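Next come two complexes built around subunit A: one with subunit B, the other with subunit C.
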Partner chain A sequence: MAPALIFIGVFLLFPFVWVFIISFTNRTLTGLGAVSPSFVGLQNYLRLFDLQRWMRPGEFGNALWNTLLFVVGSAVLGQVPLGLGMALVFHRCRRALREAVFTLAIVAWILPGVTVAFTWIAFLDRDFGTLNAILTSLGLGAVDWYFDYPLLAIILFNIWRGTAFSMLLFSAALGTIPPSYWETSEVVGATGWQRFRDVIFPLIRPHVLTALILVTLWTFNVFTPYLITGGGPLFRSETVSMYTYRVAFRFLEFGRGATAAVIIMVINLILAVGYLVSLKRQAVYQ
Partner chain B sequence: MRAHRARSFGKVLVLAAVAMGLVGISAWAQPIKLTVTSRAVRGGVNTQLVQWLEDVVFPAFVAAMRAQGKDVQVEFIQFGGTDEALKQQYALDLSVGRGADILGFDGFWIPEFVEAGLVKPLERVAGPAVWDWEGWEFIPLGMREILGYRGEVYGIAHGTDVRVIFYRRDLFEQAGILQPKVGIHEWQPRSWEELLDTARLIKERLPGVIPLQINAGTDMGEATTMQGWFMVLLGTGIHMYDFDAEKWYGQHPGILEALRFYKTVYIDEKLGDARMQLLPGARARTFEGFRDGKIAMLVEGDWFWRSVIAPGSEWAVPNREEVVGWAKMPANQPGAGYRGQDFVTISGGTGFILNPNTPHPEEAWALVSFAFSKEMQLEFQRIQPRIRCRVDVPVLGDPAMTAMAEALLPLTTVRPMFPGYPKISYEAQLMTERVVAGLMTPEEAMVAYKEALQAIVGAGNVLIVP
Partner chain C sequence: MRRLKSLFIHGGRSLLAILLAAFFLLPLFWLLTAPFNPRATLRAAIPSTPTLENFRAVFANRFAVRALLMNSPILAGGAMFGVTIIATLAAYALSRMRIPGHNVLVYVLILFSSVVTGTAAMVPIFLLLYSLRLIDTHIGVILVSIGGLLPTGIFLIRGFVDSVPRSYEESAIVSGATTWQMFRHVVAPVVRPGMMVVAVWAFVQAWGDFLIPMILIRSPDKMPAPVAVYSFYTEGGTPILTVVSAYSLLYTLPVAALYLFVNWRYGFRFFGGIKR
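And now, the complex of A and B:
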């Protein structure tokens, strides 16, 4: 036990407490605040939640709103239904085909972020991008993805990148359903939708919740989209993790960056508690 | 048996002695390794610096040191990211006591790094002997101040620079603004209105060409402040900082005038491309646009001439001397510029500083002073002619560069060298961004700037001029 506790203390609790303490100071990496930081009370928090300019581009409220749209769009509406759909479609498929599709999806998931980001930059470019070449050849006209729809661009990117994760989760969940259930439902002549509604979904419901929370947690913290849009233009695709990075590591204002990090940790904590509770329920259910 | 053991023990002793001897010799003969880094990549950004260092300075320095009986190895670490990313890297490296021995540094970073205790004056790093160097008497005080702060010198600048409007003669000829056969082959606007009129003419006659690009937005970082905001603001008669009152301008008719100029260019008349300024990689996009003949006029520093579009660079413009012209940036009205000038410009500079954490301060200084010897600086002039820090090193073989220096050095000014400047500079970039994107009117953007300024330096240090 002791080594585990020390490990947790050194690598988890200490940084957490440290970030929490710094969030009440004006510590910076350059300038006067680097040599003699002082406690500023709640000033950083008040600044972060300054409601007068809260939603102004570049402020925390704007980043939080973008994050919400990003998470709902890419995780709740994108990855989870798509992952579930793919898992269902290929669950009873021929093994070779299923393996091939799963492998491709997983490749999208495990490729290095920088490589993928670069590919997407090329893919979505207004003038030379592959997507616009396809759209133009279909007579749909080119779209200026990065400039007009930066948030949608990173949502699409994240769906592409993360669907494999929920697909794997759901695939495992479907694996827990005894084959006899499928066969019985086939014998009684249930349609695909009826089977899903009355047999499959009730059985995997706890997994859906788990997947939702896990994917949300993961999407909430993901930073790779920064490599594509840099949070811009005009902070229209800036999420809270990018905001924190910008304040702490571009402006080198650790105090203010730590404040944003504390808020993010609190949100993560809430999501994690939700995850644990759902796990517990699942255990009771089974 | 015993004898055998004793013999093998003796063998071990001998072996151990030999091994220790070898370690000792190798430690003694271990070459001193120096590392240098800067934002420069061979064949890419600032390729001339890499060529000069790796092909000329390093071999000569290693040979000179060997002549003194010292075995020195020098390595240049190429950095291809943005200036902002390099600054971030330095702050992180220096705060944990690491980093290359010699750092390529931008002058305006010095104050905030000094206040944080991350960099130290030359004489504190390498000892008072640095002042014995022969080069100092050829480096004027103004040049020392580029990498200086509060009377201390932290490094040596490669030189200084000026900012102008670069224009494409080929496009100007197509638009009928230049007519070499009639004898009109130079262009020089005398006011903003004349500059805008030229832009309007290009817009009308050359569809698809961006007439005038003036740096704006946060993506370009300091480039927006220096080549964009300052060049416009100085034309209204004020600076960002009042050096007499020792306060920052937070509200002033000049700020509004400057923002309205931006609005005219990017929003009202679409003489420039706002999208280009707002997307990631904005500055490289402008370089590309100018190289490809899609931008007719671009306000840039002389670095653009001698490095960005120079032969061998990524954005090289073939026949640079024939295709590219330059003009002074006019004030709003003749005589309405900063200090009553007709034309305005601003200067900065980068150079080398010593990392205070270097284990070899003496050798590091030896390398820096060697690189800034007259001989090595003349070599640098052959690769990249420019205004150098030494008065005994003239601009050689580049009449355009010489002319720019002569015309603009008398008119130039510098940034306010204070620890808070980089933050305020960012707020100025944000102010231009809000206007060129149409998010705020010039009035609203100025109010937001004023508020940010007050939060950074305190309300007492902000000038409000209605």
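And now, the complex of A and C:
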């Protein structure tokens, strides 16, 4: 127990506290700010929330808005419904069919980030990409994904990347429903939709909530899309984690980077608390 | 009529399965073809004259080989051993010490680890290692990885530890075993499958991690494979695709092999852990 507490203390709790302190200083990697960082009060925060330049490309507001679209598109509308749908459709079908589809989804989930970044650069390339080759052969025009729809491109990528988690979670949850429930609903002549709405969904609702909040939390922090678009073109696909990385490790302004990190942590913390509260509420009802 | 309907449903399901399989497989097509193509571009095509020349080019680059065969295994292996051992001991203590509310504690730690890891923690982590003089060392990267992976590791292994009957331990103590002997000879054999799961999971996580080594490692001869792959670029900044694709494939193989192993041995699915 003691070693675990030391590790968690040093590498999780300590950074959590320290990042707050750094966010009130003008600490940098090199120059005067590195030797003697000084306390600058709320200056970093005011700079971050400077409403006049807030939404301009490369500013924090722009990154926050992109992140919102990215999370809603790829997690709430993408991974969770798709994962649920896949678990439902293949729940009671031939094992081989299900194994084949599930295996492919899991492979996309476990491959290293750098590898999948390269394959997606190739997949969506304007001139040579596989997707455009398919679209062209179907008589549809080629699309310049990374220039015209960079945010949509990384949303698609993230759905592809992460659906397996929701799928496995829901698949395991459906496995806990007694088969007699399905048979009874068949006998009384319920349609597929009625069965889902009145029998299955109420039983797996806690898992839907779990999946939504965990996937949202992870999607918020994901960094792999940086390897595909680099946040570009012109910051149109820059999320807050890319913003933090750019300010802290490209410009080496740790004070400003820490300020953005604090905002990210506060949003994450709100999501996490929401998750715990909803867990608690379920525990009360059962 | 009923038969027609069932035929319809089966046909629809198969069509859906094909579409989904295509969605998940097509982006990987390039990774499977380009490494064997002597003139690989971003176009995914089955090469007319398949070759292993690209792999030879990879192995001619000693710096990249070192990253793949030495640095990456050191980082992932170190994280794997650290996480497995520490998480097992911690889960055992959590399960036996009867700390009030220890379920909530583990959940809070997991959520906390996803709040704090990632880019948000990189600034303080960097400064922490800077003051400990651990920047540009393997041990620094390993320690950071262990810290980030531990909470989930404890969560994964806890179910296995809880399944050890307490009477086993009591009888060991009665027959005069020390605490360490009891842990080694009674508890460890029972939780070994759980330790395997955590070890494989931690290895895959650390092997694929890109952000931590990119920030913490400076010198080229210490870089792991996911950072080193960016050395296969021309001076103009475009990747040399023949070598990049071959290197990516080699770098991916251990993860694929581990997946196959786990799937064959245990079946790849969630265990009891999802019970909220």
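Everything that follows uses one rule, which is that the second predicted complex is superposed on the first by the 276 of 286 C-alpha atoms of A that agree within 3 Å, B and C clash if a C-alpha of one lies under 4 Å from a C-alpha of the other, contacts with A are read in each partner's own complex, and residues count from 1 in each chain.
Assume contacts are C-beta pairs under 8 Å (C-beta built on N, C-alpha and C of every residue); 3 or more make two chains touch, one makes a residue touch a chain.
As the structure is a prediction and not an experimental result, all values here were calculated from the model.
Undergrad: Quick one: is A:258 in contact with subunit B, with subunit C, with both, or with neither? Answer first, second, both or neither.
TA: Only subunit C; A:258 stays clear of subunit B.
Undergrad: Which partner does A:28 contact after superposing on A: first (subunit B), second (subunit C), both, neither?
TA: first
Undergrad: On the A-aligned overlay, A:114 touches which partner chain: subunit B = first, subunit C = second, or both, or neither?
TA: second
Undergrad: Thinking of the overlay built on chain A, is A:230 touched by subunit B (first), by subunit C (second), by both, or by neither?
TA: A:230 contacts subunit B only, not subunit C.
Undergrad: Between subunit B and subunit C, whom does A:249 touch in the aligned arrangement: first, second, both, or neither?
TA: Touch status of A:249: both partners.
Undergrad: Quick one: classify A:274 as touching subunit B (first), subunit C (second), both or neither.
TA: A:274 contacts neither subunit B nor subunit C.
Undergrad: Which holds for A:57: it touches subunit B only (first), subunit C only (second), both, or neither?
TA: A:57 contacts subunit B only, not subunit C.
Undergrad: Once the shared chain is lined up, is A:81 touching subunit B (first), subunit C (second), both, or neither of them?
TA: neither
Undergrad: Subunit A residues in contact: does subunit B have more, or subunit C?
TA: C
Undergrad: Can you list the residues of subunit A that meet both subunit B and subunit C?
TA: Looking at subunit A, the two contact sets intersect at 249.
Undergrad: Spell out the residues on subunit C that touch subunit A in their complex, using ranges where they run on.
TA: 13-14, 16-17, 20-21, 23-31, 34, 41-44, 86-87, 89-90, 93-94, 97, 104, 107-109, 111-128, 143-144, 146-148, 150-151, 154, 204, 207-211, 215, 225-226, 229, 239, 244-245, 248-249, 251-252, 255-256, 259, 263, 268-270, 274, 276
Undergrad: Going by the contact rule at the top, pick out the subunit A residues touching subunit B in the complex.
TA: Residues in contact with subunit B: 28-35, 53, 56-58, 144, 146-147, 229-230, 232-234, 249-252.
Undergrad: Could you pull out which subunit A residues touch subunit C in their complex?
TA: Contacts found on subunit A: 1, 3-5, 7-8, 10-12, 14-16, 18-19, 22, 27, 86, 89-90, 93, 97, 100-101, 103-108, 110-116, 118-123, 125, 127-131, 133-134, 160, 168-169, 171-173, 206-207, 210, 214, 217-218, 221-224, 227, 241-242, 244-245, 248-249, 254, 257-258, 261-262, 264-265, 268-269, 272, 275-276, 279, 282.
Undergrad: Flag every residue of subunit B that touches subunit A in the complex, lowest number first.
TA: The touching residues are 84, 88, 91-92, 95, 109, 112-113, 115-118, 219, 275, 278-280, 419-420, 423, 426, 430, 433-434, 437, 439, 448.
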